[in-house]
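Chain IDs A, B and C follow the sequence of writing; residue 1 opens each chain.
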Amino acid sequence: MALLEISQIRKTYATGEVALRGVDISLNGEEVVAVLGLSGSGKSTLLRCINRLVEPDSGTVMLDGVNITKLNKSALRKARRNMGMIFQEFNLVERLTVLENVLSGTLGSSGTLRSIFRAFKPEDVKRGMALCARVGIIDHIRKRADQLSGGQRQRVGIARALMQRPKILLVDEPTSSLDPKIGAEVMDLMSSISKEDGIPMLISVHDVQLAKKYSDRIVGLQNGLKIFDDRTATVDSESLDRIYDMAS
Amino acid sequence: MSDAARVENPLRPGRVILRRYAAYLAATLAVLAMAQQIIVAETDWARMGSAAELLREAAAFLPNLAFMPEVLFPLLETLLMALWGTAMAVALSIPIAYLAAKNISPFYPLAYGFGRGVIVLSRSTHEIIFALLFVSALGLGPLPGILALGCRSVGFMAKTTAEAIENVIPGPIEAIEATGAGPIKVFLFGVVPQVFPIWVGNVIFQLDINLRRASILGLVGAGGIGLMFAEKMQMLEYDKAGSVVLGITAMVIVGEYFSNRIRTRLI
Amino acid sequence: MTSDEMTSGIDTIHQSYLADRRIRRIWKFVILLMTLTFGVWTVDVLNIPIERVLRMFGPLATMVTERLMPPDLYYVMEPLILASILETIEMSVLGVVGGLLIAMPMAWLGAWNVTPNRNFIYPMARAVIVVARAVPTLMWAILLVAIFGFGPFAGTLALLKSTIGFAGKLMAEQVEAIDMERVDAVRATGANEIQVFFYGILPQVKPAWVGISIYSWDSGFRGSTILGFVGAGGMGLYLRAQISVMEYHTAMGLITAVIGLVILSEALSHYLRHKLY
């Protein structure tokens, strides 16, 4: 059975904007799937429907046998621990230190009293430091997050997501706020972590080259609908071109 | 406004200008009429006497420097009242800000309306009025003064805090939610760090303002240096009353200087 | 770097981090302790008996529920009171207009970038503004009453002072933010300082100054409602009288009227500022 099974997800925003018109995706244990589409195609909404940062109107999301869409609030919070999310705008808490940002990945499982005093468990602190070393920001752990460069911030975002010991990584346009060279470094880092730790990733991207280079499979999204779903190796250029029809 | 009118109606420029001058003239006449009524008519000019006499009376208020050391303790008292009043306002403002911040207020618009109502009441009632009410309920002393300061500044604190909460950037909150954190942790890690520096700045600003406010509360018996001023005036020791004013002025200037220094360093 | 080396590196960092955290906790504890001690000391200095604090809620509740409510609004409608409200408004207008006439030149002379003389005029103008802000208005009003006698004249002068402080500071800040090239352009034509002010400075700050003027009136009006407490004219006189004879319902009627008027003045000032900008 697939690790993540999304079926018939629909979402219309309160503004009347239709984001998703019934999308199915399934994702196996160790693959990297790129969701390719233009901005406005619904890919960010799709990722947020998986952990219900955006509440889908209908459809189901099954993660590791758990029906996410049916969970109540506290069960949903528990389920979210299994899904690490990495954001386009990094979404770090700027006034906290790098280490505190990374450790905020444990908030789902740590006690409320500890979180009031920002007193993280020593073993979590140690694991957070090891993750910082792994993503290459160990020298900056005591700096405030707003003192870092874009690439370094995204590394903090990656470490924060890994801190959750996720079963899957949901990655939303990770390189769109970075220049191409730094973006490639970040993608290299994520794909090597995914391979080494066996964590599957669902990455939304709008860049065909990135999708081709880093994914095992590409899902094309257009106007809230899935228009193709192929192994990256076999995906034909015609399909890829179709995505950009609207633009040309 | 009038420039556009001029372009649209090339035949009417004279009238537009005329109307404007007529308005200026009317305003000036109104001000003069007020001056006539409440200054010329209602003042007892005979009592006032000549300019020389007025100057002599004013000179009686020249501060008596020998008295200055005695002003220090009441000044300290005033400062401590300001501290406690600010602390009280800060404590009360947090729940009220929670109710008055549109994006997090529960039972909208009920609690929101209540929060806003408290803010408006607090901000539009002068500290002297609060002080009078508290003195009449609790008797003389610094306690009613502290309560008055608290009530007076809770509105400003709650308003600015609510605004800071309303202007929070949603990205980090989304990220904290995505880790599986509950509402309390999202507030502590997503909202608090963003609001905190603004909040600290406002607390210091309020402390500075409350120092000024605290210095007059004694006039109605609510503690602090105002009491000394009232006593000296009653005993017609004008030079000592002048010293009190000098002391307050110095304290307020020093307070404002430090408040500005700290706040610019925070930003 | 081998993974062993990396692990031992992390260990070192981790140990030093935990040690720092321990020191930080001790510091926090010390500061907390000092704050508490200071708090206790201040209560002692202020001479506030704790049992009085604990027993204050009863009288406060009685005050609000029985003595203050309901406010007697008929009292406010009496001609004497209405006349005093009108007097309050007139005082605020006069005091603020007069204060603005002084605040504007002070703002010009006390703005570092355009002041005609930085060694003498600038510090003098600044001192006027700073002192006007720092002297408490109500005490100033008492001094003025002692010199000029009871009545709105003293109140008007007190408002004059507070307007100089309030508007002077804000207006000077606006002047210091202007575009100096336009000022220099006027100066380059050979204009004297007064002409530079009217042609180079005033046009740039006019909208902001208009806004500040309206705001000053709003603030002055708030202040004017209590000047009567010390005999300096306006409705405050009646408020004080009613409270001193313990006529709380009428006093509360007046307070309600003050709050209503302040909210109205704020709304009016808000409306005018948006309309004129």
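We take it that a contact is a pair of C-beta atoms (placed from the backbone, for glycine too) under 8 Å apart; a residue touches a chain by one contact, two chains touch by 3 or more.
Only a predicted model underlies this, so the values are computations on that prediction, with no experimental measurement involved.
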Most widely separated chain from chain B, with each centre as the mean of CA atoms: A
Higher-contact pair (C-beta pairs counted), B-C versus A-C: B-C
Centroid spacing, where centroids are CA-atom means, of chain A and chain C in whole angstrom: 50
Chain centre separation in whole Å, for chain C relative to chain B (CA means): 4
Interfacial residue positions of chain A with respect to chain C in the complex: 99, 122, 125-126, 129-130, 133, 138, 141
Contact set on chain B toward chain C in their complex: 31, 34-35, 37-39, 42-44, 47-48, 54, 57-58, 61, 76-77, 80-81, 83-84, 120-121, 124-126, 128-129, 132-134, 136-138, 141-143, 146-147, 212, 215-216, 219-220, 223, 226, 229, 233, 238, 241-242, 244-245, 248-250, 252-253, 256
Residues on chain B engaged by chain A in the complex (per definition of touch): 171-172, 174-182, 184-185, 188-190, 193-194, 196-197
Chain A-facing residues of chain C, complex: 6-7, 9-11, 13-14, 17-18
In the complex, chain C residues that touch chain B: 42, 45-48, 52-53, 56, 59-60, 62-63, 67-68, 87, 90-91, 93-94, 97, 130-131, 133-136, 138-140, 142-143, 146-153, 156, 222-223, 225-226, 229-230, 233, 239-240, 243, 246, 248, 255, 258-259, 262-263, 266
